[in-house]
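Shared between the two complexes below is chain A, which has chain B as its partner in the first and chain C in the second.
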Partner chain A sequence: MSALIFTIVLGIIVLYLGFTKNKAILAPVAIAGLGVSLILSIRDWGLGSKYFHDMILLDNFSIAFNISMIIITILIFLFGVDYYETMEFHVAEHYALMLFALTGAFLMTSFSNLIMLFLGIEILSIPLYVLAGGKKYSYRSNEASFKYFMLGSFATAIFLFGIALVYGASATFYLPEIKTYIAQFNGHLPPMLMVGLLFILIGVAFKIAAAPFHFWSPDVYEGAPTLVTAFMATVVKTAGFAAFYRLLGMGLLPLPPQLEKALWVMTGLTLLIGNLGALKQNNFKRLLAYSAISHSGFLMLAMLSQHDSSASVLLYYTFVYSLATVPLFIIFILMKRASDGLEDLTIFRGLYKAKPWVAVPAIVLLMSLAGIPPTSGFMAKYQVFVLSISQGILLTSIFAIIMAIIGVYYYFFVIREIFTDKQQPYPIIVSKINGALIIVCTVAVLFMGIFMWRLPI
Partner chain B sequence: MILLIILLIPFITGLSLLFFRKAATARTVALISTVVNLLLTLSLLNADQSVTYSAQWINYLGIQFSLGYDGISTIMLLLTNLLFPFVVMAGFGRDQKNVPMLNCLILCAQAALIGVFLAQNAFLFYVFWELALIPVYFILLVWGGDDRKAITLKFFIYTLAGSLFLLFGIIYLYQLTPGTHTTDFSAFSQLHIPAGTQNWLFWILFIAFAIKMPIFPFHTWQPPTYKMASTQGVMILAGVMTKMGIYGALRFLFPVVPLGVLYWQNLVIIMSLIGVIYASVIAYKHTNLKTMIAYSSMAHISLMAAAMFVLNAYAYQGLIFQVLSHGVTIAALFYLACLVKEQTGTTEMPQLGGLKINAPNMAILFLIILLGSIALPLTAGFVGEFLMITGLFQQSIWFALFGGLTMILGAIYMLYAYQRVMLGDKKVAFAKATDLRALDYWILVPLIVVILGLGIYPQPIFDILKPVAEVFSGLAH
Partner chain C sequence: MQDITSAIQIIPLEHYVFLCVTLFSIGLLGVLFRRNTIIILMCIELMFNSVNLLVAAFSAYHSDPAGQVFVFFIMIVAAAEVAVGLSILVMMKRNVDSVDINLLNRLKW
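Presenting the complex of A and B:
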């Protein structure tokens, strides 16, 4: 809990530091502050404390996800040092808004009450609507912001409506109570409750960009400033899945058969649309957006294979996925600068020739996303399949494997471009801190693939 | 422990090569490493086969880092470590870009292949199986010939697609194991899976191996990949990597899904025999030397696949023997094809001809290796193919008849190709073509010695195989 409060205060401090017009101190303060949050989170480990009339339950599940998100945010801020170097205005706001969004994410991992979940989603989303429009003079950034805001608020409204319906039926917001209430019907739910649950699931599915509620994500990922895109693709997705898992595990399981079927259809669609959509993408950010959708599909497969170790697999998967995705966005930024602002896949041409020590990490990270041993991405997928196959979900697993094969194709398409010889118009400049971070992330991705198979939860 | 050392020598040497700047040093270090590995492997031949290495890896998923070997692994290991010194030597004195990186990848491929053949745990096997693919992919992508980008991607996706189904199979078997689940081969072979399950599981497991070998109709990646691959790349691919498919099938299918094997036995044999004839006919009609050799390789591999599924000791011994002899022969053949390309700038046979006049020694060595490939008596190929056809004959005379066509058709297309490449009038375009360099002898002569030596005195290999063959024929009944 102290971590949550500290992060909010930190956000306000960073916001006010913006008035000093000294950009150089923003990132160090924010990173040091997040370091403190990290320590505060670790100190709560194992306590299982409850706050606000049990509306928040800070168990190990939420702390593990919080720590994972803090680490990824620190990573993004470290990359931000170089990214915001050339930006003149509103840098403090960027850091502060990401911190506020992070607090929303904290709530999403630790709620035990639907109202808290709603608050968490809103606190996460509203800063993101602003952040997506961070490039004030770019049409696409404005479009992304507006689109995200419109669709996001629509989804929120549906979600809220769902909460209202469930409350109307069960007269409670508390998940454990809802669970006992649902259990008494033995699978034959009254229509109001059913519709309410469906709407709640739709609201959360929108956040994790599961098909058919994924339409916003490629456009928003493409238009938003790249660092914000990295934040959305990693921290927001992690928070969304933590919330989804908690919602199911704490309140809604076992799902009535109709809803379970709906979720399975969503999983299949997400896998299909994510992977087939990525095949034809020429823009790297859109490619990663569709890749994020397809990873949502694998995560949903793990989540729906209800098993004790699902949570641990989800944590591992989201963490190693984030660890690979963030540096890839940074490498994309570097190549975009070198190619005069283009965003298509050809900007990666000549990377191997010019900077082999960046190209090799890029290849390892892409292989991790594609799920090829010995990277941690493979381990994550392996554990997902162990879960799903040992639950007897054979056909969906085979379908997911076919989709994984398609996934390999588009990631290796990028790898191919890296090896194509071409001189970019400008030299590829990699600042020391970026270079070091890219290598650290790559080593972490490999290390976790070989030696660290699960994270404590 | 010695197994771990054999596995780690190429891997560590390979990574350390990245710190070298000079091409010559990198090549020499790589060669020393491969030769040391060959010597260590030879020392294993005499030891009893109880040497193992085992370490805890990921306990909660039942995965152990366990290495061990038996008769089949020994032959595979021998083939790998025998060929790799020559693969490294094939780079000597040639103009290649980024030599340290190339040799690093070659040695990493060697390490991964050794891992595949030593792994006693299905998960470990799978990891090495995939790891072997990655360096080879980059060797082909960066150092390959024309049109390499599209072809390597196809090759990679095709083979990976098969392996992912294998992964599914491994996880499925894993959750069938009793008690605390494990992915050890020994636990897999003790499973008693119902016949209905075995019938579909067979294909899930087999498809990865069928693509890797490749047998008809999963072969479409192979000819273009071989054609555009660099000398070293194709030596690894055709010499060793295709044998991974055979090895994998022997490791997985027969102990784990024996009923599935019996159920699909005839279908697979017929598919393989179709492959024999199909590949031989195309090899005859094809005008490109390298593609022709690729199809000839496919014909031989198809015969091996057919022999694998007749389930008797003759065919089995012939198969394993042929693994070794085919690996050596095909690597030598491809090396020669690449020499032809170097001398003349083309491998299109209509443009070739009359090379014998400028390069008589090359023509002689080519002829010897080519005769080894068409299984002339006193070459290693004869021993293997004779035994395999004997085995096929015990199953059905028709199988033996069509299988035997490998040798006959092989003689036709190989000699026809030889005629078009080496014989004939001197062509003006090749006036500058020269004979073999000293280095080429160092590669070709030892390989020929192996081909002839095993053909004249094959007994040592059978001594290694004997215990396994008995187990195998017992299993078939």
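Presenting the complex of A and C:
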């Protein structure tokens, strides 16, 4: 809890540091502050404390996810040092809004009441609507921001209506009480409760970009500034899955058979649309958006397997996925600068010849996203499949494995471009921090794939 | 407070549910079919407010104050969302000089 309060205060401090007109101190202060909240989070480990009339339950599950999100945010802020170098105004606001969004993410991992879940989702989303429109004079950024805002608040309204109906049926917002209320019906729920649960699931599925509620995600990923896209693809996705898992585990499971079937159909559709949609993408950010959708499918498979180790698999998967995604966005920005602002896949041409020590990490990271050993992406997918098959979910698992094989194909589009010979119009300049980040993340991805197959939870 | 609760309970609960579902559907259809972004914002507000009314009615019928507290949370969040939404709208209006949603078509597929 002290970590949450500290992060809010840190956000306000960073916001006011913007008045000093000294851009150079923003990132160090924000990163040092996040280091402090990391330590404060670790100190809460194992306590399982409750706050606000049991509306927040800070157990090991939430602390593990919080720590993973803090680490990823630190990586993104380190990326920000170079990214915001050329930006004159409103840099402090960007850092502050990301910190506020992070506090929303903390709430999403530690709620035990539907009110807190709603507040967490909104505290996460509202800064993101602003951040997505961060480039004020770029029409694409405006469009991304507006689309995200409109669809986001639409989904929130549906989610709220679901909460209202569940409240009307069960007269409580507390998830454990809702669980006992649902259990007494033995799978034959009254229609109002059923519709309420369906609406809640739709609202959360929108946030994690599961098909058929994924349409906003490629557009928003493409239009938003790249740093914000990296934030959305990693921290927001981790928070969304933590919230979904907690919602199901704490309150809604066992779901009535109709809703469970609907979730399985959603998983299959997410896998199919994510992987097939990525095949014809030419824009790198859109490619990563579709790859994020397909990863959502694998994560949903792990989540719906309902085993004690599901949480640990989810944590491992989201963490290594985030570790691979952030440096890929850094490499994308380097190549975008070298090719005079293009965003399609051809900008990676000539990378191997010009900077082999950037090209090799890029290949390792793409292989991790595709799930090829010995990277940690392979271990993550392997654990998901072991989990789902051991729970007797054969058909969907086989389907997911086929989809994972299709997925390898489009990551190799990018790898092929890296090895193609072509001179980019400008030299590829890698700043020291960016270079270190790329190398460290790549080593971490390899290390976790070879030695560390499980994260404690 | 007791007067208000009993006043709410004069009308049967079903009437509240039907009214709120109707309001919610009007808002939902408005978001899906209107082309003016300001009207879409109004429709989203309508959806939020129908939820408010529903939660308040349920709260009175269950004699449970938590629902009425939730209404305040929803109102605050809705206000914050509209503030952000309108500023995004102003930004868009400055760049393209229109609030028609059909202009949002540069990013697709």
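Please note the rule applied: the second predicted complex is superposed on the first by the 457 of 457 C-alpha atoms of A that agree within 3 Å, B and C clash if a C-alpha of one lies under 4 Å from a C-alpha of the other, contacts with A are read in each partner's own complex, and residues count from 1 in each chain.
The working rule: contacts are C-beta pairs under 8 Å (C-beta built on N, C-alpha and C of every residue); 3 or more make two chains touch, one makes a residue touch a chain.
A quick note: this is a predicted structure, and the numbers were derived from the prediction, not measured.
Novice: Check the residue A:144 against both partner chains and state whether it touches chain B (first), chain C (second), both, or neither.
Specialist: Once the two structures are laid over each other on A, A:144 reaches chain C alone.
Novice: Among the partners chain B and chain C, which is in contact with a greater number of residues of chain A?
Specialist: When the residues of chain A touched by each partner are counted, C comes out ahead.
Novice: Would you check which partner chain A:157 touches, where first means chain B only, second means chain C only, and both and neither mean what they say?
Specialist: second
Novice: Which of the two partners, first being chain B and second being chain C, lies in contact with A:404: first, second, both, or neither?
Specialist: First partner only, chain B.
Novice: What does chain A use to touch chain C in their complex?
Specialist: 115, 118-119, 122, 126, 129-130, 133, 136-137, 139-140, 142-147, 149-150, 153-154, 156-158, 160-161, 163-165, 167-168, 171-173, 192, 218-219, 222-223
Novice: Please give the residue numbers of chain B that touch chain A in the complex, ascending.
Specialist: Spelled out, the residues of chain B in touch with chain A are 58, 60-61, 126-127, 130-131, 134, 141-142, 149, 152-153, 156-157, 160-161, 164-165, 167-168, 171-172, 174-175, 181.
Novice: Considering the complex alone, what residue numbers of chain C touch chain A?
Specialist: The touching residues are 17, 20, 24, 27-28, 31, 37, 40, 44, 47-48, 50-51, 54-55, 58-59, 62, 64, 66-67, 69-70, 73-74, 77, 80-81, 84-85, 88-89, 91-92, 95-96, 104, 106-109.
Novice: Would you pull the chain A residues touching chain B in the complex into a rising list?
Specialist: Per the stated touch rule, the residues are 367, 372-374, 378, 382-383, 385-386, 389-390, 394, 397-398, 401, 404-405, 408-409, 412-413, 416, 419-420, 453-454.
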